[in-house]
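Okay, so chain A shows up in both of these, paired with chain B first and chain C after.
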Partner chain A sequence: MPEFLDYFQFVLAPQMLNGLSLGVAVILMALGLTIIFGLLDVINMAHGEFYAIGAFLALSVGALGFDFWVMLAVVPLMMVPIGWLTEQVLIQRVFHSRERHILTLLLTFGFGMVLEDVLKLVYGPNTQKPPTPIGGGTEILGIFLPNYRLFLIVFGAALILAVWLVVFRSRLGAMVRAAAWDKDMASSLGVPVRLVYSGTFAFGVALAGLSGVLLAPIYSVFPTMGRDFILMAFTVVIVGGMGSIQGAVVAGVLLTQVQAISSLYISPVWSDPLVFGIMVMVLMVRPQGLFGKLGNA
Partner chain B sequence: MTKKTSALAAALLLTSAGTALAADPIRIGVVTPLSGTYAPIGQQVRWGLELAAKQVNDKGGIAGRPVELLFEDEEANPAVAVQKAEKLFQVAKVDFLTGTVNSGSTLAVGQVAERNDRLLATTVSFADSITTDKCSPNVFRVNARAGQQSAALAEWLNKEKPKSKVFFLGPDYEMGRSTVAAFKQAATDKGASDAGEVFAPLDSKDYTQYFGQLRASRPAVIYTSVAGNDTVRLLTQLEEYGLLRNLTVVGASGTVTSQNIGAIGKAAEGFVTGVGYSPEIGTPENKAFVDAFRAAYKTDPDLYGADSFGLIHFYKAAVEKAGTTATAALRDAMRGIQWQTPQGTKTMRGGDHQAVQEMYAVQVTDGKFRIVGTVPGEAAIGQDLCTKF
Partner chain C sequence: MRDVMLSGRLATRGGGAVRNAVHLLALVFLLLAIAFGVIAWAAGDTFYLRLATEALIFAGLAMSVDILLGYTGLLSLGQALYFGLGAYTSAVVLRDIGPSFWLAMGMTLVLATLAGTLGGFIANRVKGVYFALITFGLAQVVAKVVYNTRELGASDGLIGVPEITIPLGLFTVEAANPAAFFLFVLAFVLLLYAGIAYLMDTPFGRTLTAIRANDRRVPFLGSNPLVYRMLAYVLAANVAALTGALYPMLRGFVSPELMFFHTSGNAVITVIVGGVGTLIGPILGSVLLTALRSVVGTWTEHHLIVIGVLFMLSVILLPKGLIGAIRPWLQHRLTGSETPR
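Up next, the complex of A and B:
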């Protein structure tokens, strides 16, 4: 019995908590993706690079002498015009084409590659790391968790809740959902659909940038960092249901826990194939994902 | 006979042209990465060789003949390296070849040297196989191999923390698994105990999933051979979880480098590794070398620059002992030869063509590597495992 307690306290419980902090990170990435897809029907392959831009902007703001809390407020605001312009200048060009899915996918994929190289040119190829804003750790029932991870879990959960409230409980959210459900009807009822499109895209991009600020102290900052979470975030969006917020949260927690716990028993190299295997099964059995699309729920 | 007449003809030609050069130059081909990811290493190789060649030429060259270096960019690609080496042997008729950086290029170019019946030496490649199971009678290595580095580290560990429990964490691919296996062997031979091992995928985001296992096994030392960004994440996450407090972190020589030490910051403090060179070495020979290198290139030499510098002296010693640049005689002269390098005297072991040299344990203190221990060459060299000659 003490052996099991030792195992639970040192191995299993911390592993689940670590999985949870990773889960929050993945959900923050997936939220932006799923909202953009749910409303605009655009698969944003450059999402990972927007996450990287957020992290690099945090470094720049930090270099000017501001602390972490300023970054947390300022960087998402800086991301809004970037997202807005991307939607207006790039996405709109191919948005009304019959091949929208393929064209926007290729466009954002290419744009992501350009952004990655721009980051390399501006900041150089080497890894950088902002200081951890909250040091130290807390013991909960003998389980050690760094304070910053604890903050990440709590702040992330609050942020997810706030996004949910905005989308489902505010007038703005109602307009977004109406535009997603039927853009012609919404438009004729006075919803400024064009503005809603650009605004939603910018909002998704700002969320990616915010994840960049939040995760930079843990995962460090380098030009190709955008590739880190993008596969997992896409998997979460697909399993949860393309365009579903609840889906992203449920699938995000579920898949990161599967990954965290399975890596204790099988070689960690195999935990990724396991997660992608689940995605393939969901696609075969329930292609629409666990939950329905934004606007339909 | 023909050599003498051609030298005579060249001398006649040169005197008639009014220059003072008396002899045919010795041509050394350098196939090294001058572009791409490994370009910084190729740059050090080039600087080391050019500095040594200049100093040697100023003092009358090798056996009265000046040294001439011919550079070719191999792009750290074995296929390109083979073409460039073939070109240097066939067209430029070089007497000797060096410069290859990645171990694949060294092995591939070694076969080209065998076909052309010429000799080559690497000054950079670490892979043990070059002077063990894939050894070649035409290939020499003047730098320390991976086995010497981990032997030096194990030696240091045994002296500083005898009989410690060591936890091993490597990246999950060929290099990661072989470095962990090699160090585990070296450390347990000296009395350390094995607290467990884990192999994480390359480019892992989060190492915290292994921390449970790490804490449960309660080690005193952790050995790792991750590199690049992976090191940044591993070490900063260990610090975040407060695990670095009672833990000594040791690792492979490529784990903490000038490229990632800035990002690791405080978490790199105390990291120990085994290396074959450090600009810190306090001998007069090394000080003179470092000063000359700094004056010429405005930067410190690293181990690649130092070992490439030493190579010219290795070749000089061998040619002067053999009295010729002919392959068979030169090979015999190289076996067992001793020569001077910035690190001190090195000896070329005849049985496997591996240089025996003093090794160093270096530790990160205030963001810079400082020498914390030296290991005599004999203690780090290991067995001769070459059976081909």
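Up next, the complex of A and C:
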């Protein structure tokens, strides 16, 4: 038994906590994706690039001499106009087309490609690693954890809670849910639907940028960084149910834990197929995902 | 069934003109391509012939995306999976088993059918955007596994694929000869085009179009949409894999990049820019985009910006692609009627 406790304390628990810190960031990404899908019915293929933009903007803000806390506040604000413009200039162009799903997916895919190359043009193709904003580590119940990861878990959880409160417990959130449920009815009751659409898209993009800022010190920053991450975020959104906030949280924690724990026993190369296999299995049993869509709940 | 088809054909004279217009484009393309091949051969060129051959190979991949997107209404973001499968199968067979063209193609056909059935079984569980995301994920996962498998050369890919001689009954084609191999690939891709175009004109193809238009009504016509979607998926997988199998014969190597999203995404771009649901559009699109990439590439390495913007403009302004833009004009020329479809 003590052997197991040792194993738990030094191997399993740190790995699970590491997984949780990644999970929190994935959930932030997935929240943006799922809210945008739930409200606008748009798959944002450029989401990974918005995440990369967030990380690079953090580098720039850092290069100007500001510290991490300024980045954390400023970068999401900088992302808002980017998201707003994207919605106004690109999404709205094909929003009323019969094949909205496919067209918006294609448009955002093309846009993501352009953004990635723009990042390469501006920042160069090389990998950069920002300094860890909070150094040192803490021992909790005999489990050692780097302080920054601890911060990530607490801050991320608070942020997820805040998003939940805004969507489900505020007047603004009620407007968003109303627009997702029935946009004509919401519009006739005085909800400025157009504004809600742009605002929600910008909000999702800001969340992606924020996860970029948060993860930049752990993973490195490079123009194609969004690509590896986006698959995980999409998987989380599909498993949780497209457009469901609870779903994204539950699936995000579940899948990153599976990934973290399984990589102790099998080669990390195979943990991706494992997570993907879970997604396929969920789709076989419940094609709509674990939870329902935004506005329906 | 036959009678219905026939009367349907008679009733829509315009439909015949549409086909004529597309076939005419294919013929013009063939003549231009042969002319290019002869001129390049006479000039002793290698580089442009190889580039054009590559464009044709990727045109095959684009056609396979078009079978799914243009006819069946399924957007595949992971078609490079089968393209890469073909390329790797062909490379392994040629390198390790024996430099036999037909063996490589045969193995590719078998493996692509198996993988396509398996992949189709997974992807066809869902529709619409879910289908796009599943195919995306499927390709991404397989590409990652290949990228990390030492036996398949990992991130370096497989090099040292021997130059082969392709026996074609009456004569043989040396893959090492740029002009001969270009003409061979041209014939191969256009035969594939003709075969698929014919297939899409049969009741099978019409059913696919019906699925694209409204898959909930297809069962009322007595067909199971799932069966047809599976068939279309396996067909598309084979088209992608067979053209992919030509790649190592051209370049002498394969790399995991062939399976990456970059390749799948390019195929989708090619189809959209060329013209969805026309089959010849993807071929023209592939040639055009390869040329554009090569031209832009000479003065900047950031050709993705140019291609990406072009693609976005195409989605917004020319949703039917280049072919969609010139077909009404061509049709008008052919029939003298004022009614573009």
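Basically, the second predicted complex is superposed on the first by the 297 of 297 C-alpha atoms of A that agree within 3 Å, B and C clash if a C-alpha of one lies under 4 Å from a C-alpha of the other, contacts with A are read in each partner's own complex, and residues count from 1 in each chain.
The rule is short, and it goes like this: a contact is a pair of C-beta atoms (placed from the backbone, for glycine too) under 8 Å apart; a residue touches a chain by one contact, two chains touch by 3 or more.
As the structure is a computational prediction, the values presented were derived from the model and not from experiment.
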Touching partner for A:Gln246 - first (chain B), second (chain C), both, neither = neither
Once the shared chain is lined up, is A:Val269 touching chain B (first), chain C (second), both, or neither of them?
-> both
Determine, under the contact definition given at the top, whether A:Gln15 touches first (chain B), second (chain C), both, or neither.
-> first
After lining up the shared chain so the two structures overlap, which partner does A:Gln92 touch, if you call chain B first and chain C second: first, second, both or neither?
-> neither
Of the two partner chains, chain B (first) and chain C (second), which one does A:Phe234 touch, if any: first, second, both, or neither?
-> second
Is A:Gln257 touching the first partner chain B, the second partner chain C, both, or neither of them?
-> neither
Now for A:Ile218: first (chain B), second (chain C), both, or neither, which partner does it touch?
-> first
Considering only touches as defined above, state whether A:Thr127 meets chain B (first), chain C (second), both or neither.
-> first
So, does A:Asp6 touch the first partner chain B, the second partner chain C, both, or neither?
-> first
Touching chain B and also chain C: which chain A residues?
-> 267, 269, 272
Residues of chain A touching chain C in the complex | 43, 90, 93-94, 97, 101-103, 105-107, 109-111, 113-114, 116-118, 120-121, 227, 231, 234-235, 238, 242, 267, 269-270, 272-273, 276, 279-280, 283-284, 287
Any idea which chain B residues touch chain A in the complex?
-> 172, 198-201, 203-206, 208-213, 215-216, 228-229, 232-233, 236-237, 240-242, 259-260, 262-265
Chain C - residues contacting chain A, complex = 75, 77, 122, 125-126, 128-130, 132-134, 136-138, 140-141, 144-145, 148, 261, 265, 268-269, 272, 302, 304-305, 307-309, 311-312, 315-316, 319
Okay, in this complex, where on chain A does chain B touch?
-> 6-7, 10-12, 14-15, 18-19, 22, 126-129, 131-132, 137, 144, 146, 148-149, 218-220, 222, 228-229, 260, 263-264, 267-269, 272
